[in-house]
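Here come two complexes built around chain A, the first alongside chain B, the second alongside chain C.
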Partner chain A sequence: MSGRERARDQWYLLLPAVLLLGVAVVIPVARVILLSLSRVDLAEGATTFAGLDAYARLWGDSRWWSSWSNTLVFTGCSVAVELVAGVAFALLLHRTFRGRGWVRALVILPWALPTAVMALAWGWIFNDAFGVANDLLQRLGMIGAPVAWLGHPGTAMAALIVADIWKTTPFVTLVVLAGLQSISADVLEAARLDGLSAPQRFRRIVLPLLVPTLLVAVAFRVVQAYGSFDLIYVLTGGGPGGSTETVSLYAFQNVFRYLDFGYGSAVATQAALLLAIAAALAAALAGRKGGRA
Partner chain B sequence: MRAAFFVSLTMGIASCWAVGCGTVDANRDGASRPGRVVILVPPSERPAWQEIARAFAATTHGVDVEIVEGPQSTDLRENLYTASLLARDPSFDLIYLDVTWTPKFAGAGWLLPLDDRVAPEELDSFLPAALDAGRFRGRLYRLPVRTDCGLLYWRRDLLDEAGRPPPETFEDLRATARALQSPPDRWGFVWQGKQYEGLVCDYLEVLRGHGGFWIDPETGSVGLDRPEAIEALQFLRDCVADDPISPAGVTTYQEEESRRIFQDGRAVFLRNWPYAWRLAQADDSPLKGRIGAGPMVRTEKGRRTATLGGWGFGISAFSRHPDEALAFVRFVTSLEGQRLLCRDTGYAPARIEAYRDSALLDANPFLATIARVHRDAVARPTFPGYALASDILQRQLSSALTGSVSPETALRRAAAQTRPLTRGTAR
Partner chain C sequence: MRRALFALAIVAVLLWSVAPALWQALTALKPDEQITKIPTVYLPNPVTFEHVTALWERKPFGRYLLNSALVSAWATLLCLVCAAPAAAVLSRAPARWRNRALLGLLWVGLFPPILLLFPLYEGVRFLGWINQPAALIIPYAALHLPLAVWVLESAFRALPREIEEAGRLDGLRALDRVRRLHAPLAAPSVATAGLLVFIFCWNEFLLALTFLTRDGAKTVTAGIASVAGSSLYEIPWGQLSAATVCATLPLAILVLVFQRRIVSGLTRGAVKG
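Moving on, here comes the complex of A and B:
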């Protein structure tokens, strides 16, 4: 078989995947971008070209700006805590102890629950009159009177972040655990013989070797938190006072509640674009750092 | 990128269907078979509708009605309908419409106009306010089947014990609530303060009680930054602020959260819909025979009114059985259908003579109160941008209630954001 034939065969083998990607991703995304440049009149069934009107409208829209800052706060806080907690849990689970298999299986449980279901449960946990959160904190003497966690802008966002951390830390734990298992025991053994203490081994050897794994975990979590919808939709619906409305929620409201397809698509396109730029920057930065090391 | 793609993907698919008119064949084989009418109802209403469907099948030949159970949440059902109708999907022949949905659904061309199908004299027997909610740009798209009106409930036993009459004014309400409450075991007043449609309903009653208005249906002018509107919001804010009569959690409550607190005997006053009466008067309720109800209170400048709610049917523009669907609507809105729907459920009928029907009144004497309150029920504004106007108001009310901004600032913002929407909406 000549080299050219082999190359052609490889293309045939790729074709199904390319087609699937085209139908499932490229066409809808192109459609949304096109839609963000249009004005749709459902009653008339007419679509007219509107240019960049929708994008211009974004700048003057205070609700859009606040949905942005909410998204950033939510993503930043939840991913940061998840990363630290995930690494800690992974280090614990990496040790050998009796019943480790069971504990590892249990840890994944929150991740396996449907988000909407667990959001409903968290809703009751945070309830002011019947909630477990208030009961516990009052018993511990940390608060004097019941707090309506979902009823104030600051605490509602905090409650959302807590629920998200509970749900997705297991994901980070799993990824990091896989990374830990790929670190050769010989290296650590050698370090121990050289007289490095446990914290030193973690800082000098484990952490640097974990960096690629951590980057993967952060990339996945940032993307997921950034587009988070179900948890927020169920728990707060964007309230109180719009303090927990994220960009994806706002895009959804525009399309499904206000039937404003152009504007909703512009919000979604703009969000996806910004994430793509951020991802490219992060990748470039990581690449440069990796090259230097 | 995955999540961002997912968002775009979902919307992309929805919008492809929306705009790709003609790319989806509306006549493809859907769920509904010939002679079968499909409706989607919340789980709590399913038993009542099934009984009506059976009675309907007995009176007609060959037409049956399939009752599909949807989500209990109104917003989720609205989204479900929206997705289905955007796809020009014929699965649902009748759309079970909330009182505020007509402009959105009719404006999108999803409902058949009923003017040529229903004779004007057939319409005389409906409650006028409920019927009006089904009109859009002069045409009728929705026939009401049951109505709702906001009510103020009170603990008659506690008021009698203290020798206090039911309140007439906001001052009475506040004073009585304060005198009879002993928080956190018993609160003065519980209502719906979460950022959602229910908050708008509550606020509108307080707003009219102060003599204010939201959007004038005649002129399209916006009254949210007028002094009465600010006083009205200040009243609600004072309920939760220092020396409160409402629990702090009221800003997270929808109907059920507030009703449970009242029914547990932990509140003196409750704002809710008529369904709360039947539950509070049930045999296993600690409040049986101990409550009273009336319209929201007022100041000397305002009126005691109720926000109009309720449900009705529109015929889907994509239905393949519009005639059978209409026959079913006629049956439900007949006196017999209204009896079947309202006798055991406690729902309020949409037909005037049902309120004089002894069978219904015997089963539910509370209908007399509802009929009285209903005379002063006021509908929410009707224009296609309603959902956005409501969301603007919800956000600002919620911001003020949770103390992020002052009522005045919140309402000035709401008014400024609402004005561009209402231009050209005057009748």
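Moving on, here comes the complex of A and C:
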């Protein structure tokens, strides 16, 4: 078979994937950027070029700024706790014990259940009148009277973060478990014979070896939390008073509530652009560190 | 002592993981007066199925489940059919090209979905596909293509090259080699990729919420959330809990049955990056 024939075969095998991504990803991305540079008149169905007008409007939009700070608070708090909890869960599940397979499956379960549906479950748990969260915390003596969790800005954000931690800690656990499996048992055994205690072994051997895995887990989680929509839309709808409205939610509202395609596209494009820049910076930084080590 | 502490920790982790879902199940089985009783009643007594039957009478719930299953199954099939040949090419491509392509796919997989929503909505409306399953199947397949390619590529790369050469000498065409050699030999990984894509499609909410407006066309996530979102205070909590249980049960069973496959597939797909 000639090289040219082989090359033709390869293109023909790549074609379905390229077409699919082209239709559902590449063209839409190009289109949303174009929309963000346009003014869309829905009544006449006309689109006129508006340049960077929408982006200039972002700067003076206080609701956009607050959606940004909400996004950062939500992402930062969720990912920080998930990282610690995920490592702890993984260390527990890495040990051998009877029924480990079942325990692992049940611990992974929250991650595999539909977020939009489980957000409703959390809404019921945090219900002000009949919620079980209030009952449990009152029994434990941690609160005196029932709290309207979803009715106040701070507690609504806290409720969202708790629900997100429940939902996505399993993801971190899975990633860390894989990392733990790649650490050779011989190294740990040698360290044990050298007289290192379990916490010492964790700090001096396991943790340093886990760093690349943890970076991957954090990168994935930051990106997912940053773009998360389902949980927030269903549990708080961005409320009360916009106090839990994230950038994704604000973009959605602009298009589907205020019917402003141009501005909503600008919000979404700007958020994705900033994420891409942050990711490129992080990758460059990690690459330089890796090169030195 | 140490063993007891360890057991305690395992029980605590288990409890935390299953509690919210378990609480929904308990609520769904309680008579109304126990749901709204203070202090909270924990165990239903007597157990009742009135909420489940009321829910199925009131909402086309079987239809939602069927729609979810059909959309997810077709999207998974389309995704694998597109991903497998691409993964086969990448697994034998020069390392530099392969890594670039995989990294590029990773970017696609990680973009916030909201970015694609508006142009996709425009396109779906233009084609008259609102309430049509195709409006979801094509984007779902595309959005999960990166994951499928990642999982399949690493499996295909592990296959011996000689098999492909033998297939070539036997006169199998490129696509037939993927179908008759790669896919069967890497069947466990194909199953893992399919399972993961199916789960993600079943759980998808943003596009389903936007593209489906007719009750009979809705998938289960869109169906439940629209019920709750619009009239949270009209719908009884017992029925809502019954709805969440019915929507998650098929998935929970899937995960419990295939947990080993899911764990191995994900760790391979996620950690290699």
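Heads up, the rule we're going with is that the second predicted complex is superposed on the first by the 274 of 293 C-alpha atoms of A that agree within 3 Å, B and C clash if a C-alpha of one lies under 4 Å from a C-alpha of the other, contacts with A are read in each partner's own complex, and residues count from 1 in each chain.
Criterion: a residue touches a chain if its C-beta (ideal position, glycine included) is under 8 Å from a C-beta of that chain, and two chains touch if they have at least 3 such contacts.
Just so it is clear, the model here is predicted, and its values are computed rather than measured.
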| item | value |
| --- | --- |
| Contacts of A:S248 with chain B and chain C, given as first, second, both or neither | both |
| Touching partner for A:T47 - first (chain B), second (chain C), both, neither | first |
| Which of chain B and chain C A:V103 touches, first, second, both or neither | second |
| Which superposed partner A:A271 touches (first chain B, second chain C, both, neither) | both |
| Chain B versus chain C as contact partner of A:L13, first or second or both or neither | second |
| Chain B versus chain C as contact partner of A:P114, first or second or both or neither | second |
| Touch count on chain A, higher of chain B and chain C | C |
| Partner chain(s) touched by A:R257 [first = chain B, second = chain C, both, neither] | first |
| Contacts of A:A24 with chain B and chain C, given as first, second, both or neither | both |
| Partner chain in contact with A:T71 - chain B first, chain C second, else both or neither | neither |
| On chain A, the residue positions that both chain B and chain C contact, one per complex | 24-25, 27-29, 31-32, 35, 127, 129, 220, 223-224, 226-227, 229, 237, 248, 251-252, 255-256, 261, 264-265, 268-269, 271-272, 275-276, 279 |
| Chain B residues touching chain A - in the complex, by the definition given at the top | 1-9, 11-16, 18-19, 21, 75, 78-79, 82-83, 104, 107-109, 184, 193-196, 247-252, 257, 261, 266, 384-385, 387-388, 391, 394-396, 398-405 |
| Residues of chain A touching chain B in the complex | 24-25, 27-29, 31-32, 35, 38, 40, 42-43, 45, 47, 63, 127-129, 145-148, 150-153, 220, 223-224, 226-229, 236-243, 248, 251-253, 255-261, 264-265, 268-269, 271-272, 275-276, 279 |
| Chain A - residues contacting chain C, complex | 1, 9-10, 12-14, 16-21, 23-25, 27-29, 31-32, 35, 89, 92, 95, 97, 101-110, 112-125, 127, 129-130, 132, 135, 166, 170, 174-175, 177-179, 181, 213, 216, 220, 223-224, 226-227, 229-230, 233-234, 237, 248, 251-252, 255-256, 261, 264-265, 268-269, 271-272, 275-276, 279 |
| In the complex with chain A, residue positions of chain C that touch it | 6, 9-10, 13-14, 16-18, 20-21, 23-24, 27, 35-36, 38-40, 78, 81-83, 85-86, 88-89, 93, 107-108, 110-123, 138-139, 141-143, 145, 149, 168, 173-175, 178, 199, 202-203, 205-206, 209-210, 220-221, 224-225, 228-229, 232, 237, 240-241, 243-244, 247-248, 251-252, 254-256, 259-260, 262-263, 266-268, 270-271, 273 |
